[in-house]
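Here's a structure for you.
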Amino acid sequence: MIGLWSVPLLFALPLSLGILSLLVVPKWRPRLIFLGLPLLAAASLDVLAGLATVGPTVYRLGDWAAPLGINLVVDGLAVGMILMTTLVTSLCALYAWVYLRDHPSSTTFFWPLLWFLWAGMNGIWLAEDIFNLYVGLEVMGLAAVGMVALRATPQALAAAMRYLLAALLGSLAYLLGVALLYGAYGTLSMAGLQEAATNNATTQVALALIILGLLLKTALFPLHAWLPPAHGGALTPVSALLSALVIKASFYILMRLWLVLGPEVTPEFTAQFLGVLGAGAVFYGGWMAWRQHHLKQLVAYSTVAQIGYLFLFFPLVTNTGPEAARLAWDGTLMMLIAHALAKAALFLSAGNLILAVGSPQISHLVGISRFRPMSLFSFGLAGVSLMGLPPSGGFTGKWLLLHSAILSGQWWWLIVLFLGGLLSAAYIFKVFRMSFREGPQIDRSVTPPLTLDVTALILASVAILIGLTAHLPLHWLRMGSVFGVG
Amino acid sequence: MDWNSLILLGVLATSLVASGVIFLLAESRLVLRTVVNLTAAVLKLVLVGWIVLGVYQAIEYEFRFTIIEGVDFILRADALGIMFVGLSSLLWLFTTIYAIGYLEKAPNRSRFFGFFSLCVASTVGIALAGNLFTFLLFYELLTLSTYPLVVHRGTRESLRAGQVYLYYTLGGGALLLFGVVALHVLIGDTEFVPGGSLAGLDPSLHPMLIIIFLMMVIGLGVKAALFPLHAWLPMAMVAPAPVSALLHAVAVVKAGAFGIARVVYDVFGIEFAQSLGLLMPLAVAASITIIYGSLRALAQTDLKKRLAFSTVSQVSYIVLGISLFGPIGAVGGLMHLLHQGLMKITLFFCAGNYAETLGVHKISELDGVGERMPATSVVFTLGAFGMIGIPPMAGFISKWYLGVGALEAQMNWVLGVLILSSLLNAAYFLPILYRIWFRKRDRLWCEGKVLGRFETQASLLFPTLLTAAFALAAGILAGMPFSPLYWAELIVGREYLQ
Amino acid sequence: MSGAISGYLVFAWSGVLLFGLGLFGFIVHRHLLRRLLAFNIMGSGSFLVLVGLAQDGRGVDHVPHAMVITGIVVAVASTALALVVFRRWYRASGRTDLPEDT
Amino acid sequence: MIVRVVMAGLLSLGVTVALGWAVLDRPAPVENLPDRVASAMPESGVEHPVTAVLLNFRSYDTLLEIAVLLLAVVVALALREAQPDRPEQMGLDNPLLRAVMAWLLPLILVVAGFLLWAGSYQPGGAFQAGSVLAAAGVLLRLAGGNLGWLDNAALLRAGLALGLLTFIGIGMVVMLPGVPFLTYPDAHAGTLILVIELTLTLSIGLTLLSLFRLNPPYADDPADARTQGAPKP
């Protein structure tokens, strides 16, 4: 069986390391990454190799077939997300290893939380069972809340509390949807649901609850209020992880369930409505980002905006013909991955800039381009991808979405992509303008440790490079999906 | 991966790698940076020379790889592209030497030269792009890499100019993107093919094609500074002189004009564009810009601003030539791509010399400067004559071909535009020349710098003289092989209107 | 199926009502403890729907029982975590609600 | 305020109505999971279906659920404030409780053991038993009993970790013959599940107790002082 060991290791290993990091002395907690990162990277690559040689498979935990047991789905989409997670989390972990040295010892609890978060995310990417997804969401969500609270300042606690309330409400809505689906179809397996689901009030209400719950967790406008304080106020590596990966998990579930249930039961209106909300997010988030004075808040609002692009998936994939739908799938995933990489890079380099000038205020970045070019360079590369300018993953994603929108005759989404790009340019260049302004002639800024700059730079470079080699990841991502050909 | 495709990558890589290396160098590594800069520039020039010979012998150079299904990244050296590459690599070398002198002891040189090289890499990419996607990729990269150069001084004014520049170019880029994607939806990957690839499409799509053409030309027109999309260009004059020289003579405006040439010739096809009735509006827009730019130039008191408006006007000659339906007009337009580049960079270098040596920025401060800086002033005069179109300067040849081309295309009114524009050119250049040569100096110049043996620093003077020599040669030796005229005829003869 | 209300369906109906009630409380109240209680009521509602709906017309089904146990554990853990954060927040700010919610 | 009440009322009413509609319109399920559970019971190693589902058919859910519990403790540990002057004895000043506890404690432990054991053939199991254990700890503490041994961080954490580590460990070890994660061999399924349940019971009990203990009442906080036996002067 392909991935016999590597698939369970993807969640069992981080769980074990999470426990282990509780057992060792605080000084040793960070060092476990040198054990965990190579092993997880190896497991991820082994799963990819399995996918490339054998194709998509189903992993039957406990050797019980669904719906009795819980199955894991090892298809292109899941593997793509796993690889993305491994890359981003590894680099954020290396960043945190250096970054947290100067923080109080209570922040060493970052490490167990990180491992649990990782396990939760990998669990979600692999899940095929909708109740299992609920538990996975909770593992990830509570770990994320804990990470936000880690600073233990009043602001951090309030942000964590708000985040927790949103996450709990979202989970319950999701769970209730699962309860209805199980009541109606007697199965929790996505494959089973796809076969059995019919169009009736139960399915519709269940899907509505699931969508609402997941929208809240993904922080789609106008349900985004919890995100900026949580992502903008957390420790830098935490911000990066949350913005890059955690919100993607709930979107991922939404995407999967939409393809399972959506075409059967949803009117096109719902799809368009989700698209409109996405457009609202792009405009509102971009506008708010531009108005921020605090660097990390700007980046956090940028996440609110970028989430909006992902939701163009729904109108572009629903009843639009196979070619447009495939392009929408490709484009959304490209956007998702590019955003994960670029946003992590943006947060990390923003953290470096803040370290350098000792202040989170954008206005204090005056003249920093002269003294900290490397931190700024990563910020710029990541910004290129977020603005959707070539050559970058963000551009390739935008290209595919544009293509899909034109092909399906939904020209109104072009306006969203057009204005969204300009808005993101406005807020990214707001930072640049400040950094290019001539300020003090003497370098008073602190030099961040090299590791911090290098991790941000690697993430930003990958966000650029993935746009140039997009056909390979996109080819893998299609494997095992309805869009996979051959 | 054969030799011929690698050499294309090499041309791109010389400036790209140089840019990366320079970014990493510490501010104080002056010598190493200079060595990297010059080595890369010379190396690129050698490679380009090699390709020029190859293209002349009709050797195919192509490099491609797949980005996403149905979209390839293609570099290809054809006669049109290599002409632009040749221009930019030659001027890169001169401008680099000039900039090293100009920015001596200025701050942020590492950043400056890094982006400068990146800017050249984008220009080369634009020139070598084999399809619209690749073109777009480098077109946007050019926007990004020039922004830091425009705001280089970091003053409020330059930041403001940078912002305006961004709004214009990013907006234009987005329009171009829409056009490109829409074409992609219609016919798939849009490679540049002589004669275009759209003529066979169903007539019901023609209205759609016209909209696409408009979007693309507006998108490109921003960088080509077509009226009314030109406002960013004079504002961008706050940048250091080498940037103005490079932006105005080579990179940005030419990228726009070159893109219009690509779209008209290699995407739509000149005959198909003519049959859709797209050339006439383009010619009108270009003509309006020519006259408008000249009129605005007249009103400027700042030397660089006047040159900037002159650029607005002159670049539209290229667009005008493209939109004249007929081989002679095309030759005139394409040739002007080179001529205007050489002449305008010379003029900007001169303006930079005046500013750097004497602190002179206003035209009114130029009185008697010919006596103090004779070499620069002679060169400036030559450039100005070229711009006006006095024989045997390069500008005259362009205008001649454009005029004949207009008659051939039965657009006699264009002749009127050309004559009026030449008169206006004279009206805004001759007073400057008068001040330089015939007025007595009436003020003190601030001559703070140590200048060496010449009237100004050698690194400022010699690039100026060299570009001037090239501009002069382009006019006088127009009949020789490998002159701009020769090459433009090669392009037209080989690829268009077969 | 939907005609006569079987014994199990009563649970589903009360679950629906509890969920609605909890949701109302969750939105209306600002005191974080009340909101947590509301959350727990909503949770109980979901569990009742889960068990009641699945067993209606089909008899005993142990799978939702097991899921409810899992759900309860998760709810306990979430509540505990929320209390920890809440107490720390209350210590730091002296407030029982969130700042922007007044 | 009124606006909020009206809005909340409308929203929850709407959700309730939609849910009611969904309950009414429910189709007849095609899949019959209880039958599958019933037919797989002989291979599960236990006799009670809920336990079989929890620890065999859907044991992965349980594994993650324990992780969630542990997570709550991790956050509690991370947010614990250093309190140098923490009063060690914070029991209620209630002699009756103390007296009863002496009798009650062994009984509670027996009940916990029974619940754990019962899980294999009737309702019961690790979580129930663990909760009872934790309850015993809470009562003991309220009665002023000494739980100081729990302050031994290493021991406490080892106890917390035991359940999940054993679970994962067994899940991995059984893979050696080349079967997927958590596939118990039929012959040993019952034993393995019992071992897992036993360790889980201990860990769950400790986890719940720690959640209670890790954030003790603040000595200087009037709101918390009320829970203390001795009224403040």
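Here the chain labels run A, B, C and D in written order, and each chain numbers its own residues starting at 1.
The working rule: a contact is a pair of C-beta atoms (placed from the backbone, for glycine too) under 8 Å apart; a residue touches a chain by one contact, two chains touch by 3 or more.
This is a predicted model, so every value here is computed, not measured.
Of all the chains shown, the one with its CA centroid nearest the global CA centroid is A. As a whole-number value, the distance joining the C-alpha centres of chain A and chain D reads 31 Å. Computed centre separation for the pair chain C/chain D is 17 angstrom, with centres defined by C-alpha atoms.
Taking each chain's centre as the average of its CA atoms, chain A and chain B sit 42 Å apart.
Averaged C-alpha coordinates give centres for chain B and chain D that are 73 Å from one another.
Counting partner chains per residue, chain A shows two or more touched chains at residues 131, 135, 138, 142, 145-146, 149, 152, 176, 180, 183-184, 186.
Contact of a single residue of chain C with at least two other chains is seen at positions 12, 19, 49, 53, 56, 58, 63, 67, 70, 74, 77-78, 81, 85, 88. By the definition of touch given earlier, these chain pairs are in contact: A-B, A-C, A-D, C-D.
Those residues of chain B whose C-beta lies close enough to touch chain A in the complex are 23, 27, 66-69, 71, 73, 107-108, 110-111, 136-137, 140-141, 143-144, 147-148, 151-156, 159, 162-163, 166-167, 170-171, 173-174, 177-178, 181-182, 184-185. Taken together, the chain C residues at the contact with chain A in this complex read 12, 19, 26, 32, 35, 39, 42-43, 45-47, 49-50, 53-54, 56, 58, 63-64, 67, 70-71, 74, 77-78, 81-82, 85-86, 88-89, 92-93, 98-100.
Taken together, the chain D residues at the contact with chain C in this complex read 4-5, 7-9, 11-13, 15-16, 19-20, 23-29, 32-34, 37, 49-50, 52-54, 58, 61-62, 65-66, 68-69, 71-72, 75-76, 79, 81, 125, 127, 208, 211, 214-215, 218, 221. Across the complex, chain A meets chain D through its residues 1, 4-5, 7-8, 11-12, 15-16, 18-20, 22-23, 59-64, 67-70, 106-107, 109, 112-113, 116, 119-120, 123, 131-132, 135-136, 138-139, 142-143, 145-146, 149-150, 152, 176, 180, 183-187, 192, 196, 198, 200-202, 204-206, 208.
Those residues of chain A lying in contact with chain C across their complex are 131, 134-135, 138, 142, 145-146, 149, 152-154, 157-158, 160-162, 164-165, 168-169, 171-172, 175-176, 178-180, 182-184, 186, 225.
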